[in-house]
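Before any comments, here is the structure.
Chains: A, B, C and D, in written order; residue numbering restarts at 1 for each.
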Amino acid sequence: MHSVSYLQYIPLFPLLGALLCAVLGPRLKPAAVGALATVMVGASFAVSVAAFFEVRSGHQALQTVLYTWNALGGLTVDVGFLFDQLSAVMALVVTGVSTLIHLYSIGYIAHDRSPWRFFSYLNLFVFSMALLILGNNLLVMFVGWEGVGLCSYLLIGFWYDGWMKEPGGQRGMANSVAGMKAFVVNRIGDFGFLLAIFLIVVTFLPKVADGRVLDFAVLRALMEGGIPSGIGLGIITTICLLLFVGATGKSAQLPLYVWLPDAMAGPTPVSALIHAATMVTAGVYMVARMSFFYIQSPTAQLVVAGVGAATALFAATIGLVQRDIKKVLAYSTVSQLGYMFIGVGMCAYSAGVFHLTTHAFFKALLFLGAGSVIHGMHEEQDIYRMGGLKKYMPLTYWTFLVATIAIAGIWPFAGFFSKDEILWQAFNYHNEVFPEAGRVIWAVGLTGALLTAFYMFRLVALTFWGPERFHEVLHGKHPHESPWTMTLPLTVLAVLSFGAGWLAMPHIWGPNLFHHWLEPAVAALPPVGGHHSGPGLEWGLMILSMGIAGLGIASAMGFYRQDAPLPTRMKAAFPGLYRVLYQKYYVDELYDTAVIRPLVSVSRGFLWKFFDVNVIDGTVNGLASAVRLCGMALRRLQTGLVHTYAYFIVLGALAFVFYVMMMLSKGL
Amino acid sequence: MSWLPELQHYVLLATALFFIGLIGVLTRRNAIVIFMSIELMLNAANLCFVAFSRYLGSPVGHLFSFMVMVVAACEVAVGLAIIVLIFRERRSVNVDDVNIMRW
Amino acid sequence: MNYLPSILSTVVFLPLLGTVLVVALPSREKNLLRAVALLTSLATFAASLNLWFAFDPAASGFQAVERFWWLWVFGVQVDYHLGVDGISLLLVLLTTFITPVVILSSWHAIEDKVKGYHACFLVLETAMLGTFLALDMVLFYIFWEAMLLPMYFIIGVWGGPRRLYATIKFVLFTMAGSVLMLAALIWLAISFKQFTGNPTLTFNLLEFYATDFLRPGTAQSLMFLAFTLAFAIKVPMFPFHTWLPDAHVEAPTAGSVILAGVLLKMGTYGLLRFAIPLFPHALHQFAPAICILALVGIVYGALVAMVQPDLKKLVAYSSVSHLGFVVLGLFVLNDFGLRGAIYQMLNHGLSTGLLFLAVGVVYERRHTRQIEDFGGLARVMPMFAVGFMIATLSSIGLPGLNGFWGEFPILLGAFAARPVFGIIAATGVILGAVYMLWMFRRVMFGPLTRPENEVLRDLSPREIAVFVPMIVVMFWMGLFPKPFFDVMEKSVAEVLARHEQRLGQAEVPRLEIQAVLDSLAPARKN
Amino acid sequence: MGAESFFFYLFGVIVLAGALGVVVMSNPVYSAISLVLCFFALAGEYVLLHAHFVAAAQVLVYAGAIMVLFLFVIMLMNPTPADAREAGGSALLGWLLGGLFFAAIFVALITARLPGSLPVRSEVSGYFGSVEQIGAELFTRYLWPFETAGVILLVGIVGVVVLARLHRKEG
């Protein structure tokens, strides 16, 4: 580990930018604020690149420790940053994509009431994200983890007095509610993350001399030769599962994915940056970061990969029928994150992280393209009211198409390489607890790939192809192409979506650079004996998945090409299925009925109105009333008549005398 | 028990006196008579003091009886003044008519 | 820096001096009265800074001790005995910091009986500081009770429409506890006298600490329960909390701030100073039960806070939840829990104090505290929105702000003591986000629906001057908590060491988490 | 049965008779006169007990000053004849209760038998109970209570004056 003194600038530049935007922003022109914010993130990117080259040349991780944050109970926590191969990938992706999206936002947000607020939040987000991926221990990571949640909350609710628009045109959820939902659901995940931290501290603290038990390097060293003696596998599995609870919240996996579709209430660049490219991948990053735990626990691997697979399929089915362009992309994101978890769950960390990277490119591109469409369509998001936009927005169309092909997994676009690597690893994966897991997950993944190709081309078909359906909503205006600040990032991302795949070629074709790069940073499963699969099988699987993707594309084109009556027929043939999918399996409704409403009504009706007011205060007031009643009764003795008092005096004296005489007769 | 008056005789006499006073307080309604009954009780106490003083050969009992007289004098003076006031107010010295301290 | 001579007495009685000055000034000079009160409290704060800089974290025991005989009658010896350690130091600073802030905050809010108002606050400050610094238990008791009087008037004279009900409830609840405490205190002193054979009845806390004079048994348990009940009511712990929402709702803003900010801490401070160190066996016996009550309080307070329609009531119930964390931290009896609990006391003072100030800001403008009367205020009051947001985030324990370093060690300590405690308490973190953010959304976000809200002014310079110091300290405590934790280290370690020593090693609970978890998870196949 | 015994029983009977008279007479004037009789007989008992000074004070203060005060007040009020409500159920209760109490104490005293007899008359020095002895005690050892008694009297006087003025103001 090599100590350097500049890593803190990666988060600090955006932080400075956030402060400057907040303080100076109101007095500056929108473009100037945007430029300031972009430059700050760009500077951060530059530092990341420099660090990347230093890691590449030195073949070792970099570290900067700023100061000791706190020390108590034997536990020591530094504010420190770690820049190893894994952080490098994340840092480059995050700061790079962020720079592009900042640039894009200059045009997008120019006419808003307070662009400075937007850029301030956005820079703050990059700051938090940088903390998350660069933190050299779990607590600094947790700061970033919560920080990105906060920024997500702020940015989803950026237009805090507005509502989402349902495809039918009626009001949907309030933006601020969507933000709150995101934060609260994330907190449920954080609950698991926190408990995992506690369990790690309690378990490993006695084994660490200087108390820096939350440092990744320390933990990794402890786990180097397997689970340390005295610690059961159960504990490691529990830690992994608790961490994964945190990941499901942040990375929108079952059952905590519900916030992400609603997070589309935020401005589109936010959706692209936070809810597609960077923040939602934090869970994947975290699992990869804690790989040394996950490789020990087959149970945890199974759960992570299984949840990932289930989410991939589940979200894809919902994505099939959504009408809001951003909602389709949101469910697509959930689904793709599922693929990443399949990858990291099966300890194919380079595959998972590589899919994270390519996904960051093409999904950011998709969202930015969608933003361009929405911008050009004057804030219309219903794809059934678009169509034929290819003619009006050529650049947006072509870049969007590149990203769509990439996500569908067509050779030689980036998505093909990353998704195929995951599926290949799944096919070969062997789990001790459930040996068939690899094949099942592979099959699910393949089905998901079919659906992905289908819904993405459905989206393209309805948006860019076919007849123009937008005339009634635009009232005679025409869609227009976006300014260069918006299309330039599209172009750059399109190039990356096309070309990035070559970094991780299937090993039968050439060296997997990405895998080699990540190898020192993540743990690896010990090779399983007797489980060989030849190049023929790999070729076969590749062709199969290409064929599946092609099938999806072809059927989507067939369905939606020329406003064919087929979709309508399908909808009519299976109305129940369509409604269930369109209403997202009623999961939100289920949570609302099963959790939120009972909790609120019990709190209000029982805990507050009954228990607090009646039982506790009732007891107290009852005591007071009892005292009062006694007083009322005893008050009757105060007749005001001298004789009554005299009689009482005599009675008292008499009682006293009898008492004394009794004592005397007892022989006192 | 000889007929010669001894300590016990005086104490018994004082006791009888005291209880006559007590019965007066309990049975009479006239405030002035009640006051007089109280004087009887005080005198019973005085008698005891003096008797014990004689028995112990110490003059302290005498001194105590003076104190009692002082208190009795003050009490009678103030009490009778109050009775006069009440009488002016209510045209009655019957204690049953005076219950303004009720509840 | 060294301690200035008689620094503790100076800190304690400077506000009282200010009271004399305030009383002597003519009533109609309202601004002069306010200025005198503010300057006095600022001077007290400045004096208390000497404590911070002179404090030696490495030294054990109490520092800057002042002691002279005060009441020696009938064989009873009550000393004037002050001292500061790592526990009380931070609370003293909290008190001296918050008092000027609240005096500044009520500059325009109070126009009626200004003189009495400020006199009350200054007397209150003396009483609070005395409570934190007294080392003689009778002296402590006197300050403890003296605090009631000004608070009674602050709520009862300058409060809302149901102020009399609220203030009497407040006083009676507190008195009910403190009467028991007085009895237990005398009993304790008599036990000490019998054990040592001293000719006089002393109430010297340091001697009580130094001597292991209580045998395990009913007597110790009863004394412990009496002390704990007195402090639990003050904290307030579930189920003795119902006075708090009423008192908060009726109190003027500054009263709420000082109530939440400092007075509640007197309960938790008392637990840590008396109930925990003096009765080791009873503590060992009852700690789990108290932890469970604290857990109930955490969840219960959060749930009830969630459904409150009144802003102040919501914050008041959130205090019940937050102080549940503090009590939990105290009674899990490890370094994480104790130091976290002390830190959480400070955090709660700041964040809830700021929340009440924020509620006061909107109340001054709109004369309502019903959440439904607001909505969309972020548009007309952007600066206020920022301040309110930071208070909210601090309250829900966002890392980077102060709240995190209170909640995190407490939860960790609870988890280390008994995992299930940690798990239940951590749900409070989720619920905290729910009720605070829900409230924030309903007040600040959404469209501006009411015309009367459209004309609200943003923060005035004076209000900014109130908000900014609080926010700065919040960030400071969130980013650089270590100096604070270092200050507490020695004192907390002493408490724990004494507890273990008195209890005997055998009885200290050991961690059995591993076996439990192993039995839950499937074994590894080979 | 010597002279001492004789006077003891004589005065005793008068005392009790006078006391009973106070209680049973329906006219307060008769009660007052009966009380005077009782006080005089008590003074006789004091003489028998060698308490000459107390006996003198008894006659002067009680039978003189206090009783005059009583009579003044009675006259001042122009007493109504016996109140119809004087006798009743509660009076009976009073007799019962008082009698019961008396019986209890009386039985207790008789059965308890106080120890010792009084010192013989001839053995008592002339100094005992004399003005000199009482005076010497009052002005030396018991000066403090003596002065206090003075203060009590003063307070009594002031109280009475205030009460009198109160009445005048109202009138």
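Observations
We take it that a residue touches a chain if its C-beta (ideal position, glycine included) is under 8 Å from a C-beta of that chain, and two chains touch if they have at least 3 such contacts.
Quantities reported herein were computed from a predicted structural model and do not represent experimental measurements.
Centrality by C-alpha centroid: the chain sitting nearest the overall protein C-alpha mean is C.
For the pairs B-D and A-C, the larger set of C-beta contacts lies at B-D. Rounded to a whole number, the gap between the C-alpha centres of chain B and chain D is 6 angstrom. Separating the CA-averaged centres of chain A and chain C is a span of 36 Å.
Centroid to centroid, with C-alpha atoms defining each point, chain A and chain B lie 95 Å apart. For this pair, chain A with chain D, the centres built from the Cα atoms lie 100 Å apart. Among the residues of chain A, those touching two or more other chains are numbered 643, 647, 650.
Among the residues of chain D, those in touch with two or more other chains are 90, 93-94, 97-98, 101, 105.
Each of the following residues of chain B touches two or more other chains: 22, 25-26, 96. A list of each chain pair in contact follows: A-B, A-C, A-D, B-D.
Interface residues of chain A facing chain C in the complex, by the touch rule stated above, are 67-75, 139, 142-143, 146-147, 150, 153, 157, 160-162, 174-177, 179-180, 183-184, 187-188, 190-191, 194-195, 197-199, 201-203, 230-235, 237-238, 298-299, 432-433, 599-600, 602-604, 607-608, 612, 616-617, 620. For chain B in complex with chain D, the residues that touch the partner chain are 3-13, 15-17, 19-30, 32-33, 35-37, 39-40, 43, 46-47, 50-51, 53-55, 57, 59-60, 62-63, 65-67, 69-78, 80-85, 87-88, 92-94, 96. Residues of chain D that touch chain A in their complex: 90, 93-94, 97-98, 100-101, 104-105, 108. Within the complex, the chain C residues that touch chain A are 169, 173, 239, 241-242, 300, 303-304, 306-308, 334-336, 339-340, 376, 378-379, 393, 398-400, 404-405, 408-409, 411-413, 415-416, 419, 422-423, 426-427, 429-430, 433-434, 437-438, 441, 444-448, 480-482, 485-486, 489, 511, 513-514, 517-525. Taken in their complex, chain D has these residues touching chain B: 1-2, 4-5, 8-9, 12, 15-16, 19-20, 22-23, 28, 31-32, 35, 38-39, 42, 45-46, 48-51, 53-54, 57-58, 61-62, 65-66, 69-70, 73-74, 76-77, 79-80, 83, 85-86, 90-91, 93-95, 97-99, 101-102, 105-106, 109-110, 113-114, 116-119, 124, 128-129, 133-134, 137-138, 142, 145, 149, 152-153, 155-157, 159-160, 163-164, 166-167.
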